[in-house]
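Chain IDs A, B and C follow the sequence of writing; residue 1 opens each chain.
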Amino acid sequence: MQKTAKELSQEDTFTLLSPTFFLVLLFFLLPVLIILLMSFTNVSTDTGFDQWRWVGLSNYVKILNHPATGQHLWITLKYVAVTLLLFNVGLGLAIALLTTSIGGKTGTAFRALWLLPRITPSVIYVLMWKYLGADAPYGLINSFLAPLGVTPQNWVAAQPFLFIVLVNGFIGASFGMIIFTSAIEAIPRDYLRAAMIDGANYFQRVRHIILPMIKWPLLFVVTFQTLSLLTSFEQIMILNDGAGGMEVWSLWAYHAALNNYYGNFQWGFGGALAMVLVVIGVGFCWVYLKFFKFSELVSQPKIDAL
Amino acid sequence: MPFRVILLIVLSVPIIVGYLWMFISTFSIRTHGLMPVDSNGNFGGLTLANWAFLKDPVLWQALLNTFVLAAALTFFTVLISSMAGYALSRIQFPYRRQLLSLTLVLHAFPSVTLLIAIYFVLKGLSSSPILGPWIGYNTMGGVILVSVAMQLPLGIWLMKGFFDGLSWDVERSALLDGCTRLGVFWRIALPMAGPGVAALSIFSFITGWGSFLIPYTFMMDQGSATLATYLMQSMTDTAPAAYGTLAAIGLFQTIPILGFFIFTQKHLMNIYTGGSKGAG
Amino acid sequence: MRNRIIIAAFLLFSGSTVYRILTGDASWAVTTRGGDPSQVTLKIWAGNAAPIDHWRTDSAVDAARTLNRQLEEEGSGVRVTIDAINDPASWGNYKKKFLMAADSHLAPDIICTGHEDIASWASAGLIVPLADTVAEMRAKDPAFADVREDLWESTMFRGKIWGVPQDSEARVLFYSKPLLAKMGWTPARMKTLERGIQDGSFTTDDMIALAEKAVASGVVPRGRGYWHRPTRGSDHIQKYYAFGGRIDDPETGRLVADQQSLTRWFTFQRRIVDAGITPENYLGTEWGIWHNTVSHGKALFWEGGIWNWSSWGSKYAADLGGEAYLHKSVGYAMPPAGSKGGTPATLVHPLVYLVPKAKASGQMQQKLALRLLALMTTPEINTRHALDSSHLAILKSQLDYAPYKENTFLYGISKLGGKSFFQPNHVRFSQWFDIVMGAMEEAQSGRRSPSQAAADAIALMRIDVGEDNLVFR
């Protein structure tokens, strides 16, 4: 019997999506469920995986009562907001605009340069920043500042927030840079040519043509990178391990659950911390999806309107 | 024009100076600022010793392992993401919007905190029928599966955005000619998505090339160590290598990716044609 | 149709996997690796291991040769081969990996780690106790009788012995001989420094005063009078100890929350900055800078682990003349006491070999593993590790063993005297440690006053360590 086009379409859809379903179920949904369950237990290295017990909401109560909770939350939000706006979106966009307007090999060379922080092993990339900011005679920043009469010091420790933003920002900028660059390159040349004939200067072209046309990539980068920054801690961990009040939430979870100095990992408490982070992340997603009207982006699949 | 170049150079100063320092330090015993110095603080102390690791056979084994992992990760990420991205872009099905939102939300889950939970899943997979010995805990297959899953939020959104921007006239005529959806995806859409594939490949390859925690934690065999593990040898608590050596290993690691990036740069230009939505 | 089959297979597969995860599975059983019972493989892991630490596992290979010879003499058909992994990953990642391996019955037969893991791994039932008392342990094998008496304390938990010491070290006060000479000190007077510290007449106050004088007189620039460890770490606990602080209370077995001692310690950390002998914003200084500065004699005093000696000789001061230069220009003594008449003390953090249970390793080879460990505990084997990686002897006989004795630095440290102490084997020690380190950083940077930082630390201890695990002083 001949199948209808609709039936065929459903089966094809399933085939196309089944690997994704499979991986998402196994490596996102199930683990999150496990972490959620763990967050109601006291499971830790010393209980092992067979002597733990249920402790109800006490891990969450502990977060509420913890003297450091407010500080961790505040530094997390501040770090995400500043890094996102200045670097991941702001600088990423600036580099994309500048390199595309220059174009050619020079543009490519600058983009390759900006990719370096992303592809260098974090340990070495962070080491580079430590030496930029190091005390005299090692540090480069001091050798520029010394002639101005600034007393040399270890700037990484003196300005911890500035450095966690710089270190993460220079990595983050390249994500936006790559996505914006391709979006800009995809704008039909006629539009820009027409604007130039109308006498629009570069800034007017950016303002009135380029920015409106890369709206979706912009919103995507904002959303995606908010989540990336919320869950990122590796660079901060290597730079100063959260010293100077720089322990962001994900680093706190990491320290509690996975990596404290002498190895008694608190999976239960860490799980609760991770769940809070997930809730914050989902909250951001919800706001963005609503506020940016993502529903428009996902509205109508073109080809179904055969 | 020159103004824009100057502005770019100014913005790039930290990177230019930082990597210049890194490059110089790979040939130095120690540096003061950008100057290689001897033990008295005078110019000198140049050495090739920091690059001696190139003679270590373990490095080349690690390089091979890393390449296999990165290549497999890239292949499966691109394949699975583009399948899902294509379906999400082209086909109307129930809960489509929810699924798309879900893939974004997935990115909010900090993969490191999930590590222990993922272990339990892999352990469960180990004892599953037939496939168990290939995809469970302590297998390369399991490591690749987990790594691919972590790339899906980015991959699906990138590929969906890319398919959205592709003209569908060709696909439509193929469908009208009686081609199946799968056939259209495989023979028409995917080849047209070449640049998108290239972009996602870059991101996946970078991730695979630098991956440490997942392969390290979920595989016992030391012969399967990646480059990142190799680097760790030089930075243990009690006997850390001098930073010149670390910098040399680090720079060495970036070279293949830089090459890959420059090679694919031409394709990369067109990755996110989602930007032309409503214009085409 | 094709797709229906895919769907069915997919659902079946996912379903069975999910089922297995949720129910746990009993299909794991203790198995012997390989089919031939006469061929036994012993797996051994060592963590955070640099290439120079390779003896931690490679000595097992040597010892296995002896073991096989003995087995042959006994007429046993069993032969042992060693599967050794010298793992360079950080301690945290190494310990995670072990926990998961142990849960899957894939843990090694012997694992080398810091002694503090005994507390949580024994509680979790992952390792076997080796003996009830030190006497029982000593009676097991002459090799164990040779182990330094004090080291067994670091392997005790809940009244049992759980591990065999692998190495030990000390954290000492180093000083630059040329800089002291510039201040008019003769070599003879430098010797009195060592004695003064030993009898408690030269204290941290005297050290600070001397360093201040060096800065004032221009012998060293400001901030180069005294450099402690530039990052978090056990080294700092020595100062807490020097000012009367204790980590655990032997009577109750609980950890100590001692606001006064913490305040005294934190006051010291800030005082050295205010005095200008340690730089402002010093914590977080990159290790390479630290090594280059101290090993070149550019600071008057510095405190650190003796294991650094080999890196200074082979790397940082290599172009100055390596170890010969170090012997000429670097002096060392115990870290001074905090008050007059006090005893100087150094924190020792031994690595130990532990033997995982059958449930963790999937093997019934614990007896054989212990036998191998005894064969690894010899002066020859341990001295090789000590010399290569600049660690202290763990055996009494090593002090009479020529190759060890000829190493002036290690032998000199072994003979320094003073008191050594360990961090406790307590399940909540990791939390206690992280809290005091964080508070110390706040106090030294001046973001919190010493007494505020101490109060913060106590408040955090109540939550993260738990009041049931604390005694308040």
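By our rule, contacts are C-beta pairs under 8 Å (C-beta built on N, C-alpha and C of every residue); 3 or more make two chains touch, one makes a residue touch a chain.
Quantities reported herein were computed from a predicted structural model and do not represent experimental measurements.
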Arrangement of touching chains [line / ring / star / complete / other] | complete
Is the C-beta contact count larger for B-C or for A-B?
-> A-B
Taking each chain's centre as the mean of its CA atoms, chain B sits from chain C at a distance in Å of 36
With chain centres taken as the means of their Cα atoms, state the distance from chain A to chain B in Å.
-> 15
Multi-chain contacts in chain A: which residues touch at least two other chains?
-> 12, 15, 26, 30, 34, 127, 131, 138, 258
Mark out which residues of chain B touch at least two other chains, giving numbers and ranges.
-> 115-116, 120-121, 125, 235, 243
Sites on chain C at which at least two other chains make contact | 17-18, 21, 90-91, 93, 96, 103, 286, 292
Touching residues (chain side chain C, partner chain B) in the complex | 13, 16-18, 20-21, 25, 27, 48-53, 85, 87-91, 93, 96-97, 100-101, 103-104, 106, 286-288, 291-292, 296, 305, 307, 310-311, 315-320, 389
Which residues, counting only chain C, touch chain A once they are in their complex?
-> 3-4, 6-7, 10, 14, 17-18, 21, 90-93, 95-96, 99, 103, 114, 116-117, 119-121, 123-126, 223, 231-232, 279-286, 289, 292, 423, 427-431, 433-434, 437-438, 441, 445, 447, 456, 459-460, 463
Inside the complex, what are the residues of chain B that reach chain A?
-> 1, 4-5, 7-8, 11-12, 14-19, 21-22, 25, 31-34, 41, 79-81, 83-84, 86-93, 96-97, 99-118, 120-121, 125, 145-146, 148-150, 152-154, 156-158, 161, 164-165, 168, 171-172, 175-176, 180-182, 185, 195, 199, 202, 206, 209-210, 228, 231, 235, 243, 246-247, 249-251, 253-254, 257-258, 261-262, 265, 268-277, 279-280
Which residues of chain A touch chain B in their complex?
-> 8-10, 12-13, 15-17, 19-20, 23-24, 26-28, 30-32, 34-35, 38, 91, 94-95, 98-99, 101-102, 106, 108, 110-125, 127-129, 131-132, 137-140, 143, 166, 170, 178-188, 191, 213-217, 220, 223-224, 227-228, 230-231, 233, 250, 253-254, 257-258, 267, 270-271, 273-274, 277-278, 280-282, 284-285, 289, 294-295, 297-298, 300-304, 306
Once bound in the complex, which stretches of chain A touch chain C?
-> 11-12, 14-15, 18, 21-22, 25-26, 30, 34, 44-51, 62, 65-68, 127, 130-131, 134-135, 138, 153-158, 240-245, 255, 258-266
